[in-house]
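Every chain is named by a letter (A, B, C and D) in the order it is written, and numbering of its residues begins at 1.
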């Protein structure tokens, strides 16, 4: 069958017991509670898609609260994200979606709006991205549930502890890299991790690991105009006298730093900024850009379009 | 009937002969050409709206290329903008829309994507906004057809002439204001004007004129944090030592400078900027913001939501 | 004598033992270490000022590393910030500055570059600004020494504790306001506080306290175009459909929210943002703007020009 | 002698008769008029430079209105830009500067504030940059005197004519390139051109021409994060799904597109933007960035620091 769950499959356990929603109640005789659903899908473009999707939602009493579509004239692919309130159960909705998805060869995903995505954050020594993510999670500003933090160094264990997060020390050397990745993948499986955030994790993931977690790993790195290859990019940027420094957040694929871009931003700098100051300003952009990418991903606002993304903000 | 055309009714003449589309051909036996339609609508929120709209488009072979919806949880109003390719004629589509519109009490509008909106630009002496609009129109970067320029001064007549635009000198004094506005309204009628852009037109429109052209007049003015009331706002901003100056583009209503906001932006300034320099930088923001507002309006991307706007960018 | 220390006098103790610099050593026979000094001054404009200042630095072997001047054509005031490396002691420099300062009626201040300013942060319940300041201090990215945190609520005590800061609970009611302010002023005195940061401290300081701490208190608040008076400004902004929300950091004077502006910035929003989301985005701008204001102040980059500021970035 | 005029020597003729200033009058017995001078210089860093410069200005009654210095800790070079009002003649000031310049091995330049730099604009077919420059010149917003426009195509001749500029058609083919460059260099010489602006001039200048005009040619080109090499960069950017597009303005050196950067900026884009739309938005950034670069250069705010720039904004 052509129909399969969209890029980022959420784990069964996570979806069976969505945050704050008791699916049992939905079939009770008592006045049914409404669940706020979010459905994302992509498929080859053609007439009737929106009608079919809106139809199945209407049949289940679904009141659409937010919806966006995009047809890519180049790839001839169609993308849709729709939020709807409905008293239907997950099973009822899935049963209604499946034939439509089969008919249009859809890749799709169904989730509950605001359900916090089970997230593992990988770090090394730099604290700025981890601090930002954990603060935003606690502030209720980011729909993620950071289940654990893992680092190849222990520098950030106290920060994780302050936010009540378990910290896993997984050191990596050339010799232990395969074992370390196996350990990380084991964490992902055991903890039903849906999203892995590389929060300035200074290790390159192997091609195997990239494939294994395809579409579920978000990275952040600095970016410049023009871009600089090789080591010490901020030194190069300083040397070149750039007037802007930036950051790019993207999905990790086997192609290092070249996965589908989710978000980018820049900060203005000038001749008086030392390389150290460039790094500090770069960190501000990095955490800002990563925060947005994680939000949009966890709200199912990012759809893959080949090696590009469609962002339904 | 509850159904009526949306905020910005396009003139019959303009719609009968949309740019580059011969409606006659559409009913010919020859292989039908597709027209790219844009439908915008708003109505009280409720289930089934998207399904009904998508359905009527699907029935007419309409392939949706772009679609956005927004349900306002506060006003309980629903907004939709949908672009679709279809071989159906305007008459066929209108006939299909009308019952749906009546059922949901819709305000709606149907236009051809890319049709250039017939526009009158009102100016006084400052050239920056007019220059920007005319340059963008010629560059094919703005879907407007500036049919004429009218000014209460003649300073900008040569600029209008360079771009091949007729210039109407309509001087305004306290005594002649009513007559001048009558003259402008006559221009609007005679020339089937759909959009009036106040490109730094330094006259306040009367309440009557505002009402007459409700939803069809876009203005641009400077904005500050905090805002300043009264004369010489840039002097006040300089005096207050602001670090940002901005501009706001909005629909003109009877409530001066308080109509629904379409777009805003700012530019960074510092202590070394004289008031003159603030004005020059402010003009850069003004033309940029006005350009965006006119683009979005003429692409039917701006829907009215009470005294707010919904922008489907 | 016309000469007096500039707006923000640093406490004697703080200056006698600047961070990482032993002034005793400077007069030893051993090869003299250089100290990196920063001198800021303002005075009525006129010829010879830069020459005189550069001269006194040159006489003391001072090598200027950074220098900026600004002559305000309106107020006829002159502002200068100069950094210089010199082996001279503080006493020697002060002795050299005083006659020049007297001659030109200067307000001036001399400090060591990078010395961390002794800072008290006042908070209520919102954590975003405090979290940002403490993180930046620890990251070595902000030249402040947060000596203590005081709050009229205890919500942020754990955050302060995580960063090793003492937390002072100073509850405020209408009846206890005077006593509470006395307690805060006592903290300022006992701890040689040079800078008080209102990090979303939701109490209005009395006129007396404002006067007492004039030029040493930095506040942050939201800003909009247009601005909104009264309660629940984010609700008003949402209601008005603004496209930008902003924040302003300023010195606190008796004139509430109207003190000299240090920094402003904005964030883009749209119709889909709920009031809650506006608040969250507003907090991002607030902490960013406050962070910059505190940095520039603690680096002596902000000079007062009446009710405006000169920022030597 | 180590002293020589700074990077961008202004032509003798241009400087002998600065705009609006009669140097003859300055030595008359009548009450002397003040001229507003701008002096820029760079030299190896060391003590006493500012003192010496401020001293020579003070000796000639020069009241400093604006001054900025920067010492680069890496290159050990010192940069200064100072504006001063003085009744001294150019000859008197030059005589005073020369010994100081020799003592410190300075590269320097003396000009009159606001004097409009004699400029030649080179174009091909794209109008956006030329239109922006000519409009800003006429608006009095850019201190340049565009003496002529030259193009390898005639498309922009009418635009030049509207602004009263002579248009020189200098077609370029592989065979005629050398002759065409000779023709352009002849224009530069005959017209005392101080600044050549490549306003989307789609020809690569030869190494000889770059050397001949070193420091006097400003170019603008698109920039991306990451950057794209080769043809059709906007297509590549679209293909890569970038979220920002940018532009860089720089001095032209033999190293194509790699000369010292003057200014950069970006514009936000998203998945819905076609390649054509990216190009249109890119043009907005290009003209904005080029406008700033030309302003700062013509106000002598850009100093060369090896392959970097120091910008005294």
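Convention: contacts are C-beta pairs under 8 Å (C-beta built on N, C-alpha and C of every residue); 3 or more make two chains touch, one makes a residue touch a chain.
As the structure is a computational prediction, the values presented were derived from the model and not from experiment.
Visitor: Which chains, if any, touch subunit A and subunit D both?
Guide: Looking at subunit D and subunit A together, the chains touching each of them are B, C.
Visitor: Farthest chain from subunit B, going by the mean of C-alpha atoms per chain?
Guide: Chain C.
Visitor: In degrees and to the nearest 5, what turn takes the CA positions of subunit C onto those of subunit D?
Guide: 180
Visitor: If you average the CA atoms of subunit A and of subunit B, how far apart do the two points sit, in angstrom?
Guide: The answer is 37 Å.
Visitor: Indicate the whole-number Å distance between the mean C-alpha point of subunit B and the mean C-alpha point of subunit C.
Guide: The computed centroid separation for subunit B versus subunit C comes out at 45 Å.
Visitor: Could you tell me the distance, in whole angstrom, between the mean C-alpha positions of subunit A and subunit C?
Guide: 38
Visitor: So which bits of subunit B are touching at least two other chains?
Guide: 66, 70, 73, 272, 313
Visitor: Using the contact definition from the top, classify how the chains connect: line, ring, star, complete or other.
Guide: Per interface graph, the chains form a complete graph.
Visitor: State the interface residues of subunit D toward subunit C in the complex, per the touch definition above.
Guide: 45-51, 54-55, 57-58, 61-71, 73
Visitor: Could you list, by residue number, the parts of subunit A that touch subunit D in their complex?
Guide: Listed in rising order, the residues are 70, 72-73, 223-227, 239-244, 246, 248, 260-266, 270-272, 274, 305, 307-311.
Visitor: Can you name the residues of subunit A that touch subunit C in the complex?
Guide: For subunit A paired with subunit C, touching residues are 66, 127-128, 131, 135, 139, 141, 162, 272, 280, 283-284, 288, 313.
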